[in-house]
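Labels run A, B and C following the written order; every chain starts at residue 1.
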Amino acid sequence: MLSLAVNKDALVLFKKNLASFWEIYRRNTMGLIGLFFLIFFGLLAFLGPHLVSVTTLVVDGVTQTLHPPTPGYWLGTDNLGKDILAGLIIGTRVSLLVGVAAATISMTIGTIIGIVSGYYGKTVDALLMRFTDVFLVIPWLPLVLAMAALLGPSLGNIVFVIGITSWAGTARIIRSQTLSVKERPYVERARAIGAGGTHIMLRHILPNVFPLIYANTVLVAAIAILSETTLSFLGMGDPTRISWGMMLHYAYEMGAVINMAWWWLLPPGIFVVLVVLSFTFVGYALDEVFNPKLRRRDL
Amino acid sequence: MSLLEVTGLTTCYQLKGGTVHACRNISLRLKKGEALGLVGESASGKTTAALSLVKLLPDNARVVSGSVWLDGRDISGATEDELRRIRWKEISIIFQGAMNALNPVRPVGDQIVEAIRIHGKVSEKEAREQTRSLFESVEIDAGRVKEYPHEFSGGMRQRVMIAMAVACNPKVVIGDEPTTALDVMVQAQVLQLLEDLRRKREMGMILITHDLSVVGETCDQVAVMYAGRIVETGPTETIFLKPAHPYTMALIAAFPNIEGERNRFGSIAGSPPNLLCLPPGCSFHERCAQALPYCREQEPEVLELSDAHNCACHLYNKQVNQQWKVS
Amino acid sequence: MESIVARPDLLEVKDLQVHFAARLNLLNALFTKQEAVVRAVDGIGFQIRRGEILCLAGESGSGKTTAGKALLRLVEPTGGEILFNGEDIRVFKGRRLKQFRQEAQIIFQDPYESLNPRQTVFSTVAEPLEVNGICACLKEKEERVTEALEDAGLNNPRELFLRYPHELSGGQRQRLAIAGSLVLKPRFIMADEPVSMLDLSIRAGILKLMVGLRDARGISYLFITHDLSLAWMVSDRIAVMYLGKIVELGSADQVIKDPLHPYTRALVSVIPAPRRKSGEKRALLQGETPDPVNIPPGCRFHPRCPQAGSRCREETPTYTEVQAGRFAACFYV
């Protein structure tokens, strides 16, 4: 009966934690704006294919090509007569997916390397950090281009390439936090009760660097979306899927600039900026919530 | 006449959960050259009370009422500008962690010279001269003015802070736990130094501390605080030998006294109350061994038991006791 | 208390040393050939009997905490022997070390720092059981946790299960930390200044609890403190450390009422006594404890000793039994 109480109360505990988190978060205006846009884009990504009819994306020869915004085609059409608005909405899914997936990969690698390196120190630390330094200093774009070219242009490959090239900064941040957490008496206490390295890293260090991980994941997601846009723009994207980067790529290639087709170039650009900004806002807000030193004194 | 006279000082903090009266109705008297120990546990309001004298408070705190007379002058209505002149020159404060407040990349002497010159119109040379003599007055070799903070030990840095505090010959020095972070031997040295300085310069001193014994050795008067109120004041000897308030009695009993009995742990049940929701009546009644039913109902007034010995407890109020028995 | 003398030893420390390589600044590293060594603990020996509270007293820099941690193998000793129940703990590895950790526990100074802020009360106390694979089923675990919290003097433990440390008062937190040690049913506890961060009115409760556990379960303690009056209150015997060495050891009453070593005498004289007659002068020592990298030659206390003679500057006094059960390291006792 008691055991039941503990399990049931775990839910209560979770709710309590969530409530106290929200209590602080909601006072951060920037964070709220970011969150609003993220929810908006999230819904767009989720519902996108149901919102637009596929026909608007099909080259039918009926619709006018490169037409400025008109009712019916709110953002105009491209050189093949496809609806720009529909493209934008469909593209959201790919952009967000790449951002979140790549950030997850990046954070996983960064967190593991950071914690292991910080906790064990000495030789392990030296080796892992030199390895991290390599990833920090190699010119990012050429590497990514080379890898993307080598692996071929598919969505999975893009996620993979971005994920494994963007963890180095995270590893550094997590490592320095680990170094400070592992000196706390509660870690020593854990050693005194006989806990081993894995247990200490999972039970004591990870929960105490988690806030940093949350905040960083969101920031890395923003970078990953930018990276995907860049890669696609440079023609390394997955040609079978529409993403904002792909739209920019075609717009540029097909002479949107020469034709002054601003309705083709601007919207994907603005969407990228909006999504990246909202991720960044949320990231900073999380950082502020979890890091009381940055928080405005409101006592 | 008193050098410092505080009457009915009340300060509150605006917190998320409501208003906290960190100190309520504080009244104190300090004569010239006298030392007063303000004793209390954490969150008893002792620091707030002392900082309220010169309004050195955080943004969310406000002195609600009370008057502060310094040397025959009411400073409770002073403007921020006037207060800035009063602080340090007339009332100076030694903070607990002050020794860590020195700039690590500048010689200690330079920092004192700068402070002296900001507050008074003196030449660089004069200020240097003054710094050297200040160093000597706190028993540090004057040659060390050129050294950097890291070359001083914790105790030495605290001496430097004391030197700074007395630089302008203030009338009152407030020490906020000035020896808490120091080792026992160094603590004894610093307390001795403070006492010598006080006697030599005839300064008034308010020593804020949680450590009853520190007060017993260095202060003439003691004020015991609990949950924002002063519950007992009196001459040190009276407080230690004939404590009146049950809280004071318990505190003294809780103190390990090597002249007493071994293995006797005097303790007070429960823990200090949450200032956001104080119990009704006397704040101490929940932990008090001698609490009367009446203590739950009404907050006790301050009673004068004997000359300069005051106590806020119903046990000593005959009228209340009688009334209670009758009804 | 006399009976304690007759009890067998639980822990015996012989010539324990803990030396660290000192961190040098760049200049020193370039120009000194010799590697600087911090001799934090420099050859100390004592016994702790079953059910005894031995106090290791000293100022900061005396090496008392390092010595205490070495007894638990939280710091690796660089020399000497530590016999726990007759076995040298320095050779313990793997499973044996883990088993030893169940028997020898620690209580830290700061109950705010020694508890993981993201762990609930239940999880804090249950963790030692999980780590050591004790009680597999949740129900049994809950019983053990409840029992430990009750033993540590926390009422209604089940209501506290899901609280976080920051929701508890200072005294409750320290009791929680104690429960986290008690749950393993240790025979020895190293308590590092367990009450120095707590308010005076709460201290006595924690001390009473610790002494009560000794009386009821025969737990032995190494009680580390800088406060000699506290040491006198709780311990059976007191060892006074200065710069990595024990300068005096004896029963609590002997050391406080009749100190032999000049350093102990000075420490006793500065014990703040609330009822000291005014005008009585304390025997203040000059200066501060030197850095354990540059330990003075001869008797390490001689530069601050009011009695030091020429012999003290050259020879190191041996730590000897001067009376039955009393040890001191000074030429003049």
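Definition applied: a contact is a pair of C-beta atoms (placed from the backbone, for glycine too) under 8 Å apart; a residue touches a chain by one contact, two chains touch by 3 or more.
Here the structure is a predicted model, which is why all the values come from computation and not from measurement.
S.K.: Across all chain pairs, which one has the most C-beta contacts?
M.R.: After counting contacts between each pair of chains, the winner is B-C.
S.K.: Please identify the chain with the largest separation between its CA centroid and the CA centroid of subunit B.
M.R.: Relative to subunit B, the chain with the farthest C-alpha centre is A.
S.K.: With chain centres taken as the means of their Cα atoms, state the distance from subunit A to subunit B in Å.
M.R.: 53
S.K.: State, to the nearest whole Å, the distance from the C-alpha centre of subunit A to the C-alpha centre of subunit C.
M.R.: Subunit A and subunit C have C-alpha centres separated by 50 Å.
S.K.: Can you give the whole-Å distance between the Cα centres of subunit B and subunit C?
M.R.: 32
S.K.: For subunit B, what residues touch not just one other chain but two or more?
M.R.: none
S.K.: Write out the stretch or stretches of subunit A touching subunit C in their complex.
M.R.: Touching subunit C: residues 2-3, 5-6, 9, 12-13, 184-186, 188-195, 199, 203-204, 207-208, 210 of subunit A.
S.K.: Which stretch or stretches of subunit B touch subunit C in the complex?
M.R.: Interface residues on the subunit B side: 41-42, 153, 155-156, 183-189, 192, 210-217, 240-241, 250-252, 254-259, 262-268, 271-272, 287.
S.K.: Which positions of subunit C touch subunit B when the two form their complex?
M.R.: 59-60, 169-172, 199-205, 207-208, 211, 226-230, 232-234, 252-253, 256-257, 266-268, 270-276, 282, 284-285, 288-289
S.K.: Which of the residues in subunit C end up touching subunit A in this complex?
M.R.: 72, 74, 97-98, 101-102, 105-106, 108-110, 113-120, 122, 127-128, 131-132, 138-139, 142, 158, 161-162, 177, 180-181, 184
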